[in-house]
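I have a structure here, written as structure tokens, and I will follow up with some questions on it.
The letters A, B, C and D name the chains in turn, as written, and every chain counts its residues from 1.
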Amino acid sequence: MDRLKEECGVFGIFNNKDAASLTALGLHALQHRGQEACGIITCDEKKFFYERRLGLVSDNFTKDKVLKNLVGKHAIGHNRYSTSGNNLVKNVQPFYADLHDGGIAIAHNGNLSNALNLRKELVRNGSIFQTTSDTETIVQLIAKSNRSKMIDKIIDTLFKIQGGYALTILMNNELIGIRDPFGIRPLVLGKLNKSYVLASETCAFDIIGAKFLREIENGEIIIINKNGFKSIKPFPKIKERPCIFEYIYFSRPDSIIKNKSFYEYRKKMGAQLAKESHFKADLIIPVPDSGVPAAIGYAEEIKNNLELGIIRNHYVGRTFIEPTQQIRSLGVKLKHNVNKSLIKDKSVILIDDSLVRGTTSVKILKMLYENGAREVHLKIASPPIKYPDYYGVDTPNKNELLAATHNLEEMRKFINATSLQFLSIEGLYKSMGFEKRDSAYPQFTDHCFTGEYPIEPLDANNKNSINKKVSLISSNA
Amino acid sequence: MDRLKEECGVFGIFNNKDAASLTALGLHALQHRGQEACGIITCDEKKFFYERRLGLVSDNFTKDKVLKNLVGKHAIGHNRYSTSGNNLVKNVQPFYADLHDGGIAIAHNGNLSNALNLRKELVRNGSIFQTTSDTETIVQLIAKSNRSKMIDKIIDTLFKIQGGYALTILMNNELIGIRDPFGIRPLVLGKLNKSYVLASETCAFDIIGAKFLREIENGEIIIINKNGFKSIKPFPKIKERPCIFEYIYFSRPDSIIKNKSFYEYRKKMGAQLAKESHFKADLIIPVPDSGVPAAIGYAEEIKNNLELGIIRNHYVGRTFIEPTQQIRSLGVKLKHNVNKSLIKDKSVILIDDSLVRGTTSVKILKMLYENGAREVHLKIASPPIKYPDYYGVDTPNKNELLAATHNLEEMRKFINATSLQFLSIEGLYKSMGFEKRDSAYPQFTDHCFTGEYPIEPLDANNKNSINKKVSLISSNA
Amino acid sequence: MDRLKEECGVFGIFNNKDAASLTALGLHALQHRGQEACGIITCDEKKFFYERRLGLVSDNFTKDKVLKNLVGKHAIGHNRYSTSGNNLVKNVQPFYADLHDGGIAIAHNGNLSNALNLRKELVRNGSIFQTTSDTETIVQLIAKSNRSKMIDKIIDTLFKIQGGYALTILMNNELIGIRDPFGIRPLVLGKLNKSYVLASETCAFDIIGAKFLREIENGEIIIINKNGFKSIKPFPKIKERPCIFEYIYFSRPDSIIKNKSFYEYRKKMGAQLAKESHFKADLIIPVPDSGVPAAIGYAEEIKNNLELGIIRNHYVGRTFIEPTQQIRSLGVKLKHNVNKSLIKDKSVILIDDSLVRGTTSVKILKMLYENGAREVHLKIASPPIKYPDYYGVDTPNKNELLAATHNLEEMRKFINATSLQFLSIEGLYKSMGFEKRDSAYPQFTDHCFTGEYPIEPLDANNKNSINKKVSLISSNA
Amino acid sequence: MDRLKEECGVFGIFNNKDAASLTALGLHALQHRGQEACGIITCDEKKFFYERRLGLVSDNFTKDKVLKNLVGKHAIGHNRYSTSGNNLVKNVQPFYADLHDGGIAIAHNGNLSNALNLRKELVRNGSIFQTTSDTETIVQLIAKSNRSKMIDKIIDTLFKIQGGYALTILMNNELIGIRDPFGIRPLVLGKLNKSYVLASETCAFDIIGAKFLREIENGEIIIINKNGFKSIKPFPKIKERPCIFEYIYFSRPDSIIKNKSFYEYRKKMGAQLAKESHFKADLIIPVPDSGVPAAIGYAEEIKNNLELGIIRNHYVGRTFIEPTQQIRSLGVKLKHNVNKSLIKDKSVILIDDSLVRGTTSVKILKMLYENGAREVHLKIASPPIKYPDYYGVDTPNKNELLAATHNLEEMRKFINATSLQFLSIEGLYKSMGFEKRDSAYPQFTDHCFTGEYPIEPLDANNKNSINKKVSLISSNA
């Protein structure tokens, strides 16, 4: 599908006899953040136990024989969305290393913007990398740090790395949660009875019945051990600037941040979109499922009928990977069908949450027209995406972003919509409860709309050289 | 989940060079009718080619290496929902037999109500059964018929079997579609360029771009060959009486019957439910996804807010089969979560399409209360289910049907709802455009609500003896 | 390899609490009779339990989780060598059928020479065949017999079938062993404590510590039940005429018949070969492993050095099925290597047990010459094979048998041997302790050497029509 | 089985368009040196390509789809016998590392006697180990060396490691072969047309038709590149001292060293054994297959009958890993059966190549007696093993070695032999063509018999601490 992709979900729990099962459940709730692979590492304070699998949590971590290998009362876990085609088991997180002072396991959501530079220097000094992952760079830096205490080795490393990161780290007797200085990637703290829990989103607390305590702050390190938890803030204090796509698309609608569910923020974006256009038609149709909250907000605001004009087929299998040409040509029809008796001869408002390449919109509008729609007015509940991300969101190259190369009218023509409207950037900030965007210190990381990058993307120009560096091609491992 | 289950979807196509791929696509669109297994048989007019698999169509029939084994321009296919735990590959349909006059392949949606009696007599006369399926009884009867022409052997067989059935039959040079005398199970006829197509529902035509021509009538045989198609009606003419659950739940909302989509019928059931109660609350919440159309109808009728108060996790894997006790105890939470900031301290109308055992409703209401709902008014968009089915719908035993053993108030208490309301039987018929139920010749097979069975369920009392008959236990095959 | 192939091994045990494990062991000892697949059916006097697998017994039937599915104190088992490429699980024996009077399972070693005719008639009368196997014909005939007692249905069937067969049959309360009227295929009776045991060879008794009682006689039926065993001989008495290849090649060297091991018969064939030629050379080399007993006999008779001049690689994997062209071109070298420092500049006597197509001999001699052998005198410890078999030995077509199309000198040239010698047919009979071959009533089924077939091979000319009959092509099942 | 185990086979080829296929063939010929896993790395001078598998070469590396992933004209390969139960894919060799100056792949046969000390220091300085293998220590040392040229980094490393090793190393443009200073582990050089080849034994040259040039000398480095090969000898010159077990048991009988096949050395050991005892009996029986060459030598020397009194079952599957108690109790019978009609009431000489724990001998003698042997005289064609190895031979702990804890008469009683004889240490040296053992500078590494270790086994006392170091338990990876 033509969407932005999140690059991971993380989870951690300390001091619970069902650590592995609870981690599996937490990862299941976070599955939307990464569906290619999942891994869990547990620790019984002496040894670490590891299971990692390609595929869904619910296909891999529900069996007794898998869970019983994961001994111990502390655990971290990771859901992975692969940015490259390189979906090998050895790239599945968490990463683990036997250091001189004991084992350390790390799960990482995000992307470092200077990993390549760091890696080159490490290799020059004799470090052997097993993967092409940013996360291994973090591990190697920790191993090489000549500070004596583990927490100091970690802080030492944080001062070297740049970019977006939410980390859960497991050592013999401690679970650590870390969020980058801008808080670009999310991480929340919860409690289940006497056990502290870390997760990318609060929905992972709901599934296990844990209580949501608070967000980890930007630049904060939370150290959990037998004595409870303590907070360290090694960086100079700056304003948080979380990734705006968590609000628009990534986070599950039932996860909560700043006292509201993401469903509510998205309904507001739809309502704001209605306020900015005041446009009615015969009926309003969401692109399922991501456009539904905004469509409900739009319909409610403007008192227009909401209808399920597009039906989604939930049975698109996970191995739909070698389709024949015939099947491929059907494209979007494998996933969607139009409710044709509803839309015949109608003027339709079609609502989606975002527009990336525009290729899926083209297919959906074509399908609507073929089934008799008279007019299709496409409304996008976020601003045009014009710039790529480098901190953990998988965006296409700039020249593949429709809004980077087309103006509004060109986009409308490309998609063949009767009309096309985006939510304004100011409208977006209003939907989230701000009067306006603070142009000096923006409240969110929103460079994909504005081009204002919070951190210089050092590796970006060197992207090709990174790939050249991978000189081992292996079909297994 | 606590639902009625359909026992299959069928498909057939004649004279198309992409017969196998198109059948795979048709089965993919019909996946909701059976998710355990699927099979396709093709014919090149000399030989038959067979692939059958456990699992989804999209996981099994999208690969070139599978499809290229399926040679020939004619094909039939089948999606299976297993009524027993017996999900062996050898039970996967279509069934095939080498008869004296050539091969014959049969895909069957439905259930025979006298299969056991027929089977016993066949075995007594030397027939060897390979499976426990009704469908094999049909095949064995055809093989044993002493009529000389194949079509006569088939008609001979139809006069012996009783129950609900929609059949697609493939022979060397002919594709046949058959619907039982009451038309209990559905079958529709379509055309893709010069190729005739058969399917359980019209959504299978949409995915391949075929045109919907008409329903196969109750008791009708359609014979498709090089010369086009012809219709035979061997039975005395009676009024059709299709299964009412196709309208309430089974068929895909975008499939069309009598010029309307099932989505529209279901929206009408929701609207009728509103008319029968005139009840408003703080917000209306559908049980996703099956309660959504009725909830939209209800909300629109009564001008009440519709909200996504329950969020569904789409990543429940297909191998969620060996959950640990811990995971099992979480029950419904693996699939659903409550949007808690929405429902806190609210009075809620919860809408679902039907109520079977009530066990899922119990869990969902519990979850709503735990997340702060003040009142939960449960509204069911169909009447109470009091009687089991024997013609192709998988219903629990009568004593497991909540409405068979509890009156309305007892049900309300069991579920712990603030109030409980069902759609009336007359309201149900109204939603489908009838003034009233014709008590002499009911327009639908509705015995699950009324106890009026159209055909005597001969085998029903002997059900145990059937199972005893299965004396081979095999973990493979 | 260029060898004749046996078509199966059978086993049966009655009334032993470890029936399944003992059957697995028996089949392991009989593995040389069929390596493609194996199956076991057990019976607890109420139900039958079945496991069948492609591959070796020791890879499939040693795990607790497999054996524990095989409940009951009675069992039969089967090792299969597939004559066609059709190695599907559904063709794996034993065969099972639910008859009116209960279940019946059959394992069959041998081949019927009139199966096609019988099958055609059965299909014409409404029998549905699931496989292309002869054995299913036996099962269908039993099902169709209108005799009332099971043993009479079986005898009824025996009078219809022709060819070579050793059968083990399991019913609720009885285990039956049957050998064809000529005793072409072998079957022996043993006892383990209180349990009677049936097997193709005595080596299957040794592995489980059972005592060898006697051979089942030609045309004899042994019925084993709670009361012990009884013998029925429904056919007119004729002289036995077992397959001579059991002595030359098929049976394991440690199996015993008429008080001698097959190793001893084969050593005698080697000694007789020496007596017929009186030829010495620098050293004697067996083709491993089949030529070793004859080579020991030859060397001992003529006082010549025996040396392991050819070393066999035991690690030829079972999935050596998709070799590249490069690997394929190496042919015999994957399995054998020459001990080159031994044979350099030497005159060598090379001894093998039989010669079929001659293709392997060509490669072995080439390899010997390339490694420096000066002369290679090839001696075959059996007569030239000129005629195909139809009773259970997989022979190539007549025109592929080297001796059917070449005289001795032509064969020598083809193989490029310095000299070539076969054991005489009279010498073969002498090695087995007979003064001479009884030309009126030959003591063995030896038509491959003599062309004297004991039973007319009815289906042989119709072989193509059988294959045409198989009209379902399935990659699974 | 009760045997010593080799710890690996290595192979390498430079500049051949079929490098991967030829390596697969070479590894197939070396399969006896390690049957648990195999791996091949190829190089196209830019990238490296890797396939590694658990199981046999012939089950894994014969398929086109595997071999075609292995691009390039240079390759190394490795067969692995796992010393621990830790048979994970990630431990499969060759090992690979991306160093600053390019990739390097290493395959290693042998064992380092100071790996633990080296590893501890590396970890202390920030190296992250992925495995528990000695070989990774070599790789990490190379990565850390601050010499600038790769060959110097390698030599730097050789001066740090101690023990037995034969290495094949592949870099972008060079293939390197190295043998430890004593030449404990073997390595030979060959040529196939214009391509140089390295292998553990000459049998790997025979299978691909390569010419055997010479042994790599002890302490020698052979560097193969486009310009041919050159030899470097960085160590002070000392006398070679190869592992004597290569002669007694490990190497394939058809491999050649010092102009003779190992078959011939072993026949001589058998003949020498006969000279040391002059003992005859009714017949001589080898323990198959390892005792056969010595038995032929013994029989020929003393003019006594050699007979195949024990028959080996070649079908012992590779997954015979979860046997039931019943199957386990049968022990040796799964692999061997006695040719009982041969040995009944006979006095037997039983010949084997070596005696380790004695447990298998106990079972074989028991089996012989049970089948009627009157006397069994056990003769071992090598001296008593009293000391464990640390340079690449997997020996049991000292207290499990029968000869370490029992004198000759105690051993005879333990095994229940009528008499027991070992080859003398001087006799062993004579069999290999030496007048006597040079006690000052022994010609072979023979500490298992004599206790004279050529290198101090530094890690030996710390063995437990190594295992404690492994703190990650993973069922996959």
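Quick note on the criterion: contacts are C-beta pairs under 8 Å (C-beta built on N, C-alpha and C of every residue); 3 or more make two chains touch, one makes a residue touch a chain.
What you see is a predicted model; the values in this text were computed from it and never measured.
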{"item": "Label of the chain whose CA centroid is most distant from the centroid of chain A", "value": "C"}
{"item": "Distance from chain D to chain B - Cα centre to Cα centre, in angstrom", "value": "63"}
{"item": "Centre-to-centre distance between chain B and chain A (centres being mean Cα positions), rounded to whole Å", "value": "37"}
{"item": "Rounded Å distance, chain B centre to chain C centre (Cα mean)", "value": "51"}
{"item": "Chain B, residues touching no fewer than two other chains", "value": "none"}
{"item": "Chain-chain contacts as defined at top", "value": "A-B, A-D, B-C, C-D"}
{"item": "Complex contact set, residues of chain B against chain A", "value": "18, 21-22, 24-25, 28-29, 31-32, 35, 55-60, 62-64, 67, 203, 206-208, 252-254, 256, 259-261, 263-264, 289, 292-293, 296, 300, 305-308, 311, 313-324, 326-327, 330, 333-334, 337-342"}
{"item": "Chain A-facing residues of chain D, complex", "value": "46-53, 66, 69, 71, 89-90, 96-100, 102-103, 123-124, 126-130, 139-140, 143-145, 469-477"}
